[in-house]
Amino acid sequence: MSAMIEIADLSKWYGPTQVLKDCSAQVAKGEVVVVCGPSGSGKSTLIKCVNGLEPFQAGRISVDGISVGDPKTNLPKLRARIGMVFQHFELFPHLSVIRNLTLPQIKVLHRDADEAEEKGTRLLDRVGLAAYAGKFPGQLSGGQQQRVAIARALAMEPIAMLFDEPTSALDPEMIQEVLDVMVALARDGMTMIVVTHEMGFARKVAHRVVFMDQGEIVEDAPTADFFVKPHSGRAQLFLSKILQH
Amino acid sequence: MFSHFDFDVIIRSLPYLFYQGITFTVLLTALATLGGIVLGTLLALMRLSGFALLTVPAAAYVNLMRSVPFVLMIFWFYFLVPYIGQWVTFSSRPMQVGAFASCLVTFTLFEAAFFCEIMRAGIQSISRGQVAAAQALGMTYPTVMGYIVLPQAFRNMVPVLLTQTIVLFQDTSLVYVISVTDFLGAASKVAQRDGRLVEMYLFAAVVYFVISLAASRVVGLLQRHIAIIR
Amino acid sequence: MGTGWTLLTAAFAFIIALTFGSLIGVMRTTPFGFAVRIGDVYVELFRNIPLLVQMFLWYFVLPELVPRNFGNWLKQLPNASFYTAVVALGLYMSARIAEQVRAGVLSLPRGQRQAGLALGLTLTSELLNTIKNSAVALTIGLMELTARARAMQEYSFQVFEAFTAATVIYIAINIMVTFAMRIAERRMAVPGYLGFKPQPAGH
């Protein structure tokens, strides 16, 4: 069975600086992969290359068999099938919560308004925010906004979801509500790549952990192995710092 | 002095002042604002497009309009518009343009430069994250612009745009230099005909003042109401 | 010759503008309610009346409003239009500068030096504006030179030439001043200072 997401020999430069060095990884359907590492390691950049938000100069990325770097690829169409959740939520502040969910469905998937609304309401209910449909993002807390963002991505019925440090901008007491949603998502069989520092989450649902440092993938191991006996010194150092909390 | 203050002359000339003068001024302001915003948006999109073929002429235009004094532009266009009209319509003689049309062209072209800069600032103030999120959902560039960026940008821009309109309103007085009868021109004519400079000019000043002040207060109120809850 | 007058007008007006502008601007940031109100009224007054109308007021109306003798003396002044232009322009600009100064002072931690720096940051745009607006004064003078010709047909070709020259000169001055100011700004830049944007609106 070919992987859902394949990254092969990926390299990226910002001007003269190389920010990603020959990264290779695969994510199978239904797998949950956590990407971690110190800041500046390139983990956010990597994940943004997967749906083409960041261009890359060398290597290949394919999602469900479609090459991301190929100029002939219809990128918007591909992106519609990959959900993404951002560190700063990025809900559209001038639209109501429900409209945040229905607009992409109507404009990109060409669903009709009723269907979009019905689906949107169901998803809001799934993340526990059905009562907030008519409110505006500015009226919601960070945790609530992020949950809406997840619902918005789910409304597109993606084949995979990318999470770029989804809880890093949240106050501690709101982190759990978002993680709970993500855990439920993982248990439902969604293919996920999650860039995060939340190791508790990793231990709970991740199948594999990828550790990055200075643009390279240093380690790529099943979760249990990674936490019990990481191979590289850098990974060990990182873990020791993180797990002190 | 005030014992000789002739209020009567103001009252007598009100119909003339208001029908001829203010109508001209207000109409010019309104139409030039509309035209200026349309052209300004186009220029802004050109400048933001990233294609040198579009950015360079647009930037040159904007910088030119902002560096030459307005009065000079008014003169230039008064002379040139008939010839431009001739060139555009391939006719054999310079086109006859009324004073109003000439002023309208001048003001629209001039204000477009300022509106362009306001738009540009407004559009650029929308964070990249919003664009990224919209793109991640699969929206194409036109959809991103039309539904996500521009609606937010306009809400932010409206107060500044309206303030610029108030400035435009005041600048209409400059058409005096080509003897066009706007509000100031009308007041001037009455002043000279009746020899009542003080009353007319003071009255004109008061009218401009009241309208501008009221308008800027309204803009302030508007700003508070349409601010997007963030 | 026109250039000389323009620059002179602009220079004097600018000095007036700076002086009054800073004064009023600072007044509006003081904790004295009285001073703030005076400052507010000042700014509102000069910003809501078109420059041309203000010039008319100074040139035509002022001599009538003051005691007879003073008024007559004013009307007899050679270069009366020059003086009125300078005053009108100066005060008009001072209102704008007052706004900038006030915004600048408020956005910074308290201190006299900061007020000075804030002023420095907005000098470019204000100077350019002053030069541009002086054209209004120039034009009034020009109109007087052409004997108040009401009919546009009376404008001879010579006048047209003058306009061309004037336009070119303005653009040239604009470029030079922008360039010079940019160099000056770089020298005066305070490291770590978050620049505040001068208003893009108005001219």
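Per-chain residue numbering starts at 1, and chain names A, B and C are given in the order in which the chains are listed.
Basically, a residue touches a chain if its C-beta (ideal position, glycine included) is under 8 Å from a C-beta of that chain, and two chains touch if they have at least 3 such contacts.
This is a predicted model, so every value here is computed, not measured.
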Chain-level touch network, classified as line, ring, star, complete or other: line
Chain whose Cα centroid lies nearest the overall Cα centroid: B
Taking each chain's C-alpha mean as its centre, the one farthest from subunit A: C
Centre distance in Å when subunit A and subunit B are each reduced to the mean of their C-alpha atoms: 47
Centroid distance [mean C-alpha coordinates] between subunit C and subunit A, Å: 56
Mean-CA-position distance for subunit C and subunit B (Å): 21
Junction residues of subunit C - those touching two or more other chains: none
Residue ranges of subunit C in contact with subunit B within the complex: 44-45, 47-54, 56-57, 60-61, 64-65, 128, 131-136, 138-140, 143, 150-152, 160, 163, 166-167, 170-171, 174-175, 197, 199-203
Partner subunit C, residues of subunit B touching it in the complex: 1, 64, 66-72, 75-76, 78-79, 114, 117-118, 121, 160, 163-164, 167, 170-171, 173-174, 176-179, 184, 188, 197-198, 201-202, 204-205, 208-209, 212-213, 216
Subunit A contact footprint on subunit B (complex, rising order): 129-130, 132-140, 143, 147-148, 151-152, 155, 228-230
Subunit A to subunit B touching residues, read off their complex: 51, 53, 76-84, 86, 88, 90-94, 103-104, 107-109, 136, 138-139, 152-153, 156
